[in-house]
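The structure under discussion is supplied below as structure tokens; questions concerning it will follow.
For reference, chains read A, B, C, D and E in written order, and residue numbers begin at 1 within each chain.
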Amino acid sequence: MTIIRLSSVDKSYGSLKVLHGVDAEISEGETFAIIGPNGAGKTTLFKVMTGEIGCEAGSVEFLGKDVTRDPAYKRTRAGMGRTFQVARVFKEMTAEENLIVAVEARLQNTGKSDAPWYAVKPSSATLDEVHSILVRLSLDKKARTPASELSHGDKKRLELGITLAGRPKVLMLDEPTAGMSPSDRVGVTELIRDISGKGSGLTVVMTEHDMGVIFGLADRIMVMNQGRKIAQGSIEEIRANPVVREVYLGKEAHHA
Amino acid sequence: MNRLSTYLLVALAAILLLLPLWANSGLVFLTGTTIIVAVFALSWNLLFGYAGLASFGSGGLFSIGAYTMAVMLRQGYEGQFLLLIVLATLAGGVVAFAIGFVALRRSTGIFLAILTLALAELLRITLAKIHWLGAEDGIPSIVRPTFSIGFATVDLSRGNSYYWFVCIACALLVGLTWWIAHGRFGRTLRTIRLDVERAAFMGVDTHRYRLVAFTISGAIAACAGALFAPWAQIVTPDIGNMMRSTQPILFTLLGGASSFWGPLIGAFLFSAIEFSTRTLVGIQEIITGGILLAVVLMFPTGVAGAWNALIAGLSARPEPAKAAPALQPVKE
Amino acid sequence: MLEASRINAFYGGSHILHGVDLSVPALGRVAVIGRNGAGKSTLLKSIMNAGPTVNGEVSWEGRSIAGLPTFKRARLGLQLVPEDRRIYQHLTVRENIQMAAYATTPGRRPIPVQDIVDRFPMLQPIAERGGGQISGGQQQMVAIARAIACRPRLLLLDEPTEGLAPAIVEQLAVSVRELCDAEEAALLLCEQNIWFARQITDTVLVMDTGRITFRGSWPEFDNNPEIKQRHLAV
Amino acid sequence: MFTLVNGLTTGMAVFLVAAGLTLVFGIMRILNFAHGAFFMIGAYVASSLVGSAPRSVLALIAAAVVAALVVGVLGIVVQRFILRRIQHVDEHYMLIATFAVMLVCVGFVKLVWGLEFLSVDPPPGIDAGVEIAGLFIPSFSLFIIASGIVVFLVLDFVIHRAWAGKMITAIARDGWMAELLGINVPAGIMAAVGGSFALAGLAGGLLLPNQTLSPALGDSFLLLAFITVVIGGLGNVRGAFIAAILLGVIDGLNTMFLPAYPGVVVYFAMVAFLLLWPNGILGESRL
Amino acid sequence: MRLNRRHFLTTTAAGIGALAMPGILRAAQGDTVRIGLITTLSGPGQLYGNYIKDGSEIAVERLNAAGGVNGSKIELVVRDDKNSPEGAVTAFRELTGDGIKLFAQGTFTANLLGTLPLLEEADVTMMMVGASALALTHEAYNPRAFRLGFSSPMCFGGYGNLMAQKHPEIEKWAMLRSDVTALADITNAFSNGLKAEKVKAGRTVEILDPVLVPYGGADFRNQISNIIGSGAPGLFNVLQGADAISYYKQARTFGLDQKFKVLCDSANEFAIAKAMGANTPASLWSWTGWYPAANKDNAVSDEVHKAYIKLRGDEYPNWYIGVSHDSILTIANAVQKAGSMEAAKLIPTIETEAPQGALGKIHFRKEDHGFAGDLTYIRFGRDDKNANGWSVFETAQLPGAEFLERATPGSKLN
């Protein structure tokens, strides 16, 4: 079943056209990767999907509903969770508080808030959920650390946690391993695989430069160049595609 | 909050309550004024420190509250005083909601600041033209009301009773604000200040939250204004002028925006400076300006920030002092 | 040419570099590799005095430059190309390169902008474009061209391959190598991409949690699988 | 028609004051509350130089230039000893600092020049009026308009064409990188801030014969200048120029069609502008 | 630099001394007669507040030199009202808390309206210095307060009357005023006075609606071209302070002198000439509350004038100097005559006494405590022969009591 459908999306920044009639269909449960050289329009496409920016033409459908005009928070409520290239966490709050606000936001949005309206402290169920997320992200020892003092990798992990706290149907990851060391990359790749494993039913849409990460996770890949989709298919199909090799992969065999 | 600060707070509250028993009536009047504008500053910081919105026009809302109260008392509704406070609060909330509804979707940051400044000036100019409201000279001789609360009659017109009423009302307002700031709503608001986009991607309707915060802040500001009218016993259009609007900003930054108590500390500090230099006429500006500069240069995180750092320094093991980097590091 | 000893660097309260020693000889090609957060960027910034609070001794051609502000170090011929490139969006590519003329070492004339543009074939079609209208790969090229334009004696490159498509990384390796040779500039490179670092340097330092844990040539590095395993987890 | 010329005069007078304000914003990202006070100091300094009756237009301009220099130096002192020390803390502290500087400046003016009103006449040559196409126009108005246009053209050239401007822009947008490229950033900022303050002083000198000197002089222009800067797009000199003209004309039409409410329409216009173009008519500009 | 480093230093030293001295000690000095002076000593009104302070201090000095009050020295305790009612109230409550029973306060109406309701509870007597607003002796009338100032109907009604007499030929008048509602009293009074006299003389007069200018504005050219376009030969100007001077400057380039036969200014008197020097309009009328040269046979006036010249080196004191001097004098005289500082004894004394002040005999209308002294008008203008570039051409005096509005204490005048 198709969970996200993009139909002929156009987007310009001023006079610069960055997306030319992009189509895409993402099926439920799959891990879908968007790759392409810098400036190909990956991040822009991402933003159009999540509702950060609008598009001039075309439409975005989510769960069979047209959400082209919906702002980001509505799409998030409908089940899109997103992370950013440079991890964005609430720096003045501790790791724990970051997750508390995320869990509370979800409960509030779904109308299932369990703390009474006058309560100052979060409910114990919320705290339990927060702690289970912290443990899952191996951040439990840093629960009381202000997010601004976390390492780069930990921030990325925490941000993933914030997103997961929203219990999304689709996890949208914008370069989840950007700026990470190879070992961290392996860790995050495994974490994502673990989260989106079969049976979880979670759909993952990601952009990424590291082919190792892509080839380790993706079910299907879409390749973009200069605002256009130039190829789409399984890992093998993409590897074999001569156009893709020329514009993007180069002699990746050397150092992938 | 650490224990020492709590003790200090309790001690300060006690001093404030007992003040009329020993202090000069001018000092009592100034303290009452300070308590009210401190709550006013607190309402501003609810918007600034929690929702990340800076308004330069909060004086307008203060004056709406004050005028509503003054007019209703003049019309002879003093028996319903408590109701009048609620009414004035609502009036501020409604106006703030209307402004927020139109403005917040389109402008934030400095533009919102200037927009609110313009609206407050417009209000001031308008008030100064309405004869029925006394034009520039405002509404004088406002009574301190006597009213009944069912089983007892409260007479606020005598001696220092209105002072204590102000103390109690402001304590309630501080409590209310504390509760708003520290509960779920406050936590969510903080995420909006820290990263509005990230908050939206948690499914938070950031526009709505900001609008609610703007409304609450405006309502509390108007409530402070409503308490102020019988306190000063006169309201004039200048009650909402630019200086009034900069008051909470000054107090908040002086005290420390990152602390809930910052605006209160700033308000009392500022009043203390003004009172202790009251006889140095002619050089008031230089003294006030100089002290402000000194505070900003010495405690760039506000007095509350410096205090917290001091407490942290006392309780933690000493750490070598480190200079701030010469240029903003962009990425670590 | 560059000698740094016992460098300690701090950001606010956190201690990032712990007594790092480093030297780059004239015409030397040195790579510092290590995982993210190891302190590589901080090391480069410490050498430039551009961000962290630093104590320790840094000398340039035998003279201490401790306490010298960043712009004076740049004028001595140290040029850092930061990780995030920092191309001026409001200036054209050509103007961006021209800006570097301000950093020329006294006595060395800057390279005329046209020469630079000629030397980077990738820049020719975009020379008059605004800095905000070029892709990430092009930005990296402009950043390096801008640094080269003032004839640096030592080029400090911070993660130049970050975020670049593999095909571009290969081109970049060739360009950097040629440029450093032509300009007789020494090179200090911070990288995570070992393949890239190997292409353009001959000495390698491994950094982990703010300390240098290995120093040697690439063959020595290759013979030391334990280092790779422990500090890079490749 | 007369209203238009008059509006232009008002507009250019406001622009002269607003130019420095928008520049400081472009460089330092602060709304400088002290700007009006520096404008006032410029006016007082110039008046001390030329006395109450300047001998010629040249003498007035020379006094304005000296006032600009004096205020520029004051600006550098403020930058060096106050603003620079707090540039890393929350930007709002800059606001409080400039507010404090304003208070000190006003107090200083009161001590040095006293409270009595001072007045400086337009110098001979521009103290009468000229008749153009049957329209009586005070020649001092023409002087103000010309000054505004000249200042605008020079500023626009320096910022958008000259290398000095490009360098300052580079510093304003990314000082860290500018320093890496070998630009003396602290000196650059100091010069730019000094220059912006000098513009306030220059405005004070040029507008000297236009109004009365009193310690409240700073306030009369500050709010209008704020409005101009915001409507034009913060940090945007071209925007400020256009906004100043618009405001001047709107104010002129206000007196013509709504004489019972002088100076009120400007506020309505401002609210409308801000709602229609929340980022200013030409957009915000980091210089 | 004229504003007196010496003066500033003594103020500061006195201030620091006062700070250092505990309140109890100060309150214990029972052998002095303490008078609280609350006026505007910061912000835009400071100029006038300083005049009031100077005049009051001159009075205290003179009275003490003459032996004080019943052998006690007078002590003036000065407080800034910070240009706001609540500032005035703070100062008032502080001083009453310190036991002060005698007050003088000026100049802004709103600040007085803030303190008037408090007089009863504090049981004090107040002299309102120089205030002109009608409310003070009408709807906000307080029996404990006396207005030593000129009400608008009195001084500007008289003004209109005088102009109608001096210039019967002028049949059309234009008016210009700041967009401040309170100033409407002034234009109304002027046109009423003008009309009344014209009717008496059997003539008609056309008085145009006032042209309004924004208060504190910087550019009045549009309004100037408006009034010039009106074609009226007479002009009454109700701008104040810096606004007025800016207006005369800007109007000069339009040829104001040639366009109007008679120029009248409300109350800026010499402030205009002092600032504009040789560019003062050729001839300009102004009302003034006190002009020593018009009070030649008054010894008190001369002494105050001399004391002021000694203090500030200025030959043309602002009228607030005389009014504030007389305020203190009136209080001191009443204390001396009543032998008490109790309001109950002072009020009847002030009502009946008429001490000789700089302004002449100081007496108040009993019904509403409004001052009913003489009205003084001056005509001055450019004069190349005089070194300072201007001189006074003529003065005119009218009996103020004739123009006093109806007494309606406690309710609005209508």
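Side notes on the structure shown:
Following the convention adopted for this analysis, a contact is a pair of C-beta atoms (placed from the backbone, for glycine too) under 8 Å apart; a residue touches a chain by one contact, two chains touch by 3 or more.
Quick caveat: nothing in here was measured; it's all calculated off a predicted structure.
Think of each touching pair as a link: the shortest run of links from chain C to chain E has 2 of them. When the partners of chain A are compared with those of chain E, the chains appearing in both lists are B. Chain A and chain D have centres, each the mean of its CA atoms, that are 48 Å apart. Note: centroid distance chain B to chain D, computed from Cα atoms, is 32 Å. With each centre defined as the average position of its C-alpha atoms, the distance from chain D to chain E rounds to 36 Å. Counting partners per residue, chain C has 50-51, 69-70, 82 as the residues that reach two or more other chains. Within chain E, the positions touching two or more other chains are listed as 8, 46, 50. Residues of chain B in contact with at least two other chains: 129, 282-285, 324-325, 327-328, 330, 332. For chain B in complex with chain D, the residues that touch the partner chain are 54, 102-103, 106-107, 110-111, 113-115, 117-119, 121-122, 125, 129, 242, 246, 249-250, 253-254, 257, 282-290, 292-293, 296-297, 300-301, 324-325, 327-328, 330.
The touching residues of chain D, counted against chain B in their complex, run 31, 82, 85-86, 88-90, 92-93, 95-97, 99-108, 110-111, 175-176, 179, 185, 223, 226-227, 230, 234, 261, 264, 267-268, 270-271, 274-275, 278-280.
Those residues of chain D that touch chain E in the shared complex are 2-3, 6, 9-10, 13, 52-53, 110-119, 121-122, 127-129, 136, 138-141, 209-217, 219-221, 224, 251-252, 255-256, 259-264.
Residues 1-3, 8, 44, 46-47, 50, 179, 211-214, 216-219, 221-223, 225-226, 241-243, 245-246, 249-250, 252-255, 271, 274-279 of chain E touch chain D in their complex. Interface residues of chain C, counted against chain D in their complex, comprise 48, 50-51, 69-71, 74-75, 79-80, 82, 86, 88-91, 95, 99-100, 102-104, 146, 150.
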